[in-house]
Amino acid sequence: MTPLQIVFILVALVTILSAIFVVSFRNIFHAALWLIVTLMGVAIIFALLEASFFAAVQILVYIGAIAIVLIFAIMLTRNIMSDEEMQINRSWGIVLLLVLIFAVIFISQISSSDVINTILIPLEFQGQESIIAFGEGLLDPAGYALPFELASLLLLGALVGGVYVAMDKKGGEKK
Amino acid sequence: MLNQWMYIGIFFIIAMFLPAVAIFLARILSPKKPTKIKNSVYECGMETYNPTWIQFKIQYYLYGLVFLIFDVEIVFLFPFAVAYGKLALFAVVEAIIFILILLGGYLYVWRKDALTWQ
Amino acid sequence: MIPLSWYLILAAVLFSIGMFGAISRKNAVAVLISIELMLNAVNINILAFWHYHSQLLGYTEINGLVFAAVVIIAAAAEVAIGLAIILAVYRVRKTVVASDINVLKG
Amino acid sequence: MKILEFLSDPIIGIEKWIVQLLENWGVAPEWQTFILYLIGAAILGTGALLFTLILIWAERKIIGRLQDRLGPNRIGPWGIFQPIADMLKIFIKEHIIPDGVDPIPYHLAPIISVASVLLLWSVVPFSDSVRGSNLNVALLFILGVGGLGELGVILAGWGSNNKFSMLAAFRASAQMISYEVPMAIVLLAIVILSGSMALGDIVKLQTIAYIFFLPLGAFIFFVASIAENGRAPFDLAEAESELVAGFNVEYSGLKFGMFYVADFLRAFTSAVIFSSIFLGGWRGPGAEQIPILGFVYLLIKTVIVWFLGVWIRGSLPRYRVDQMMAITWKFLTPLALALFIVIAFVAKLIENTNQWLQVLIFLVINVALFVVGFAIVRKFEKEKERKVVSTKKRALAQPTNPFTQSETGG
């Protein structure tokens, strides 16, 4: 066990535990808070994978934006579902069983393969090297320029659609 | 790179640890004499009614939404900006188109008055 | 130092937890949160394989990075639209329970 | 000679001495770095927290002078021991925990608030050789840590079981997220100039400080950072007349003290970051040969920027909430976007020209954009005024009865 492995196991345990809290807590606000812990754990995993850019993006976009927007939405739809009420469907037992089977298949398949047991060694990339490569690939007309522009269209759709759907219509009851 | 992140990690733990220790010490040192009035919620000097966790207006969500979209957009322009020195003019134009597409959405949101605090 | 399979197992577990939440939670916002968990698990997988490939090739492999970026963009768009729909439904029907939203049912 | 060498760069000297010591004890190289980082982080964190005491004193004194008061003047010469007395008082004050708080968010909020500020210090370069971490995505990290600050505010508001703090927390977080957008766009323009997101590289590359390239960007960044810190004239979240005292009403004792510390330290920290990004951080004559000078330059630049912030805080009246939102969404963000687009386009065209010519062109662009932006805003404001005046029905102040209204947030 190297120190790095111990760090990984600790982070993974925290991530999984908080993910379990996320899906099992009655109070939806607390579930959102545990989601933030999970996202933080995933950010550390990204840092361990040396995807620095995505570790920072995880903190910036997921924790700084998505989680905050989720909390806003939770505040806007509160006190309709009281916390005492059952938070999960009646058939949750079957779902749990199915998911467990799914997970067992996944994990047994993963651990049986040889390729996948490669040890990941630290990459030798220094400084901005990998981000520059990423940026070049993203804007290269022969590479990913089209998906990049399409992503912008997707965001445009999300912006316009989200605002259109969420806004109070004129003449509607003003809350 | 891992070293840099290790420093950040250590710093994060210390940054959480220092205020926690200070508060813990203060808890030990400070007197504890709670009374019912003292512990009541500070609202207008009256008993509050209805639960605190009420709904808020939709405006907050609209700001959050616009912020979220812009944030994601800007974040993926950062690799472009870093690689700027190695890109051709054509790639720069592409990035500008990327922004201009979103600017259309921004104008729409502006016209709909979603950005005005009501 | 860490085997590739550890990352994949973590991603699989996270994905399963997220799937459980997405199928079984009643609250529509909670369903969205669970979907976020699943997307995160996907991203762990993508970036783990990105690291593996870059390690084999010796230079930065960009396909993995672009895929991860697309996942994050999709997640942001999904949250924005999903929450807007939930809020709009809530305004009309006063409910966020996913199974009660059945106006479109034939 | 040895003494001089040590004095010119004391921190590296101490570091070498510790490494020597650890080597003699037979510690493995990885653990040496770990211990060094631990010591460095602990000293920097504690130092920053203790430094806040001086900041609080200085700020109170300056604000006092600006408002024609004396400021603290009782304890010690010029009242310099006032913050220490305050600290002792706040340390032994009772922690009142109101009924019905949500315990985990309530107790976590002050800690997260302080941590979100302290974390920023981990990427600041103090001199050519001394810096925390030359993280290659430092700018994104700075923005992301700002998000943690929002989280602290929301946790405090939610946890306190108080409608006013909840309201204030949501206002504050809406304000913070809104002002993050122009800030991020300006940083994007900076990255175009520097070609690197690491703060260490950005400082090192500034043979000409970036404020000369992007004065408009610096202006936007400065305004946005004041607003993000929630200081006057953008201190809506603490508007006493509307929201009692902001999201931290229910906090007392050192828990309140932590919010206070975070507030004062955040102002100084954003001044440090501003001077690193725009004013060239530790750069100055002779700073590369004698690293200790770098600290001095950084400190001088930071204090100037910080003083500007305090000055603004002491002299400007507070904005209304709708004005504040309009400033960021209808003025700063479009302006920053226009700036970025023009810079991205022009910088490619004049890539190979002389640096001074570049500075000149950029300056002209900035000034032109600023003038055009202001002219457009002025025009719209006038039109709006004309509309208000021309309608026969004047807008009257009509106080509605608060008791008949249903409880909806403001």
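We call the chains A, B, C and D, going by the order they appear; numbering starts again at 1 in every chain.
As a convention for this text, a residue touches a chain if its C-beta (ideal position, glycine included) is under 8 Å from a C-beta of that chain, and two chains touch if they have at least 3 such contacts.
Because the structure is a prediction, the values reported are computed rather than measured.
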item: Between B-C and B-D, the pair joined by more C-beta contacts; value: B-D
item: Nearest-to-centre chain - CA centroid comparison; value: B
item: Subunit B and subunit D: spacing of chain centres that average the CA atoms, whole Å; value: 14
item: Subunit B-subunit C separation of Cα centroids, rounded to whole Å; value: 21
item: For subunit C paired with subunit D, centre-to-centre distance based on mean C-alpha positions, whole Å; value: 33
item: Gap in Å, rounded to a whole number, between the CA centres of subunit B and subunit A; value: 16
item: Touching two or more other chains - residues of subunit C; value: 69, 72-73, 76-77, 79-80, 83-84, 87
item: Multi-chain contact residues (two or more partners), subunit D; value: 135-136, 140-141, 158, 170, 177, 180, 195-197, 408
item: Junction residues of subunit A, two or more chains touched; value: 4, 29, 48, 50, 52-53, 55, 57, 60-61, 64-66, 68-69, 72-73, 75-77, 122-123, 125, 128, 131, 133-134, 136, 138, 151, 155, 158-159, 162-163, 166, 168, 175
item: Interchain contacts, given as pairs of chains that touch; value: A-B, A-C, A-D, B-C, B-D
item: Contacting residues of subunit A [partner subunit D, same complex]; value: 3, 29-30, 33, 36, 52-53, 55-57, 59-60, 63-65, 67-68, 71-72, 75, 127-128, 131, 175
item: Subunit A residues within the subunit C interface of the complex; value: 2, 4-5, 8, 12, 15-16, 19-20, 22-23, 28, 31-32, 35, 38-39, 42, 45-46, 48-51, 53-54, 57, 61-62, 65-66, 69-70, 73-74, 76-77, 80-81, 86-89, 91-92, 95-96, 99-100, 102-103, 106-107, 110-111, 113, 116-123, 125, 129-130, 133-134, 136-138, 143-144, 147, 151, 154-155, 157-159, 161-163, 165-166, 168, 172, 175
item: List of subunit D residues in touch with subunit B within their complex; value: 33-34, 37-38, 40-42, 44-46, 49, 90-100, 107, 110-112, 114-115, 118-119, 121-123, 132-136, 139-141, 158, 160-164, 166-167, 170, 174, 177-178, 180-181, 184-185, 188-189, 191-192, 195-197, 244, 249-250, 253-255, 257-258, 321-322, 325-326, 329-330, 333-334, 337, 340-341, 344-345, 347-349, 351, 407-410
item: Partner subunit A, residues of subunit B touching it in the complex; value: 1-2, 4-5, 9, 51, 53-58, 60-62, 64-69, 71-73, 75-76, 78-84, 86-87, 90-91, 94-95, 97-99, 101-102, 104-106, 108-109, 112, 114
item: Residues on subunit A engaged by subunit B in the complex (per definition of touch); value: 4, 29, 44, 47-48, 50, 52-53, 55, 57, 60-61, 64-66, 68-69, 72-73, 75-79, 122-123, 125-126, 128, 131-136, 138-141, 145, 148-149, 151-153, 155-156, 158-160, 162-164, 166-168, 175
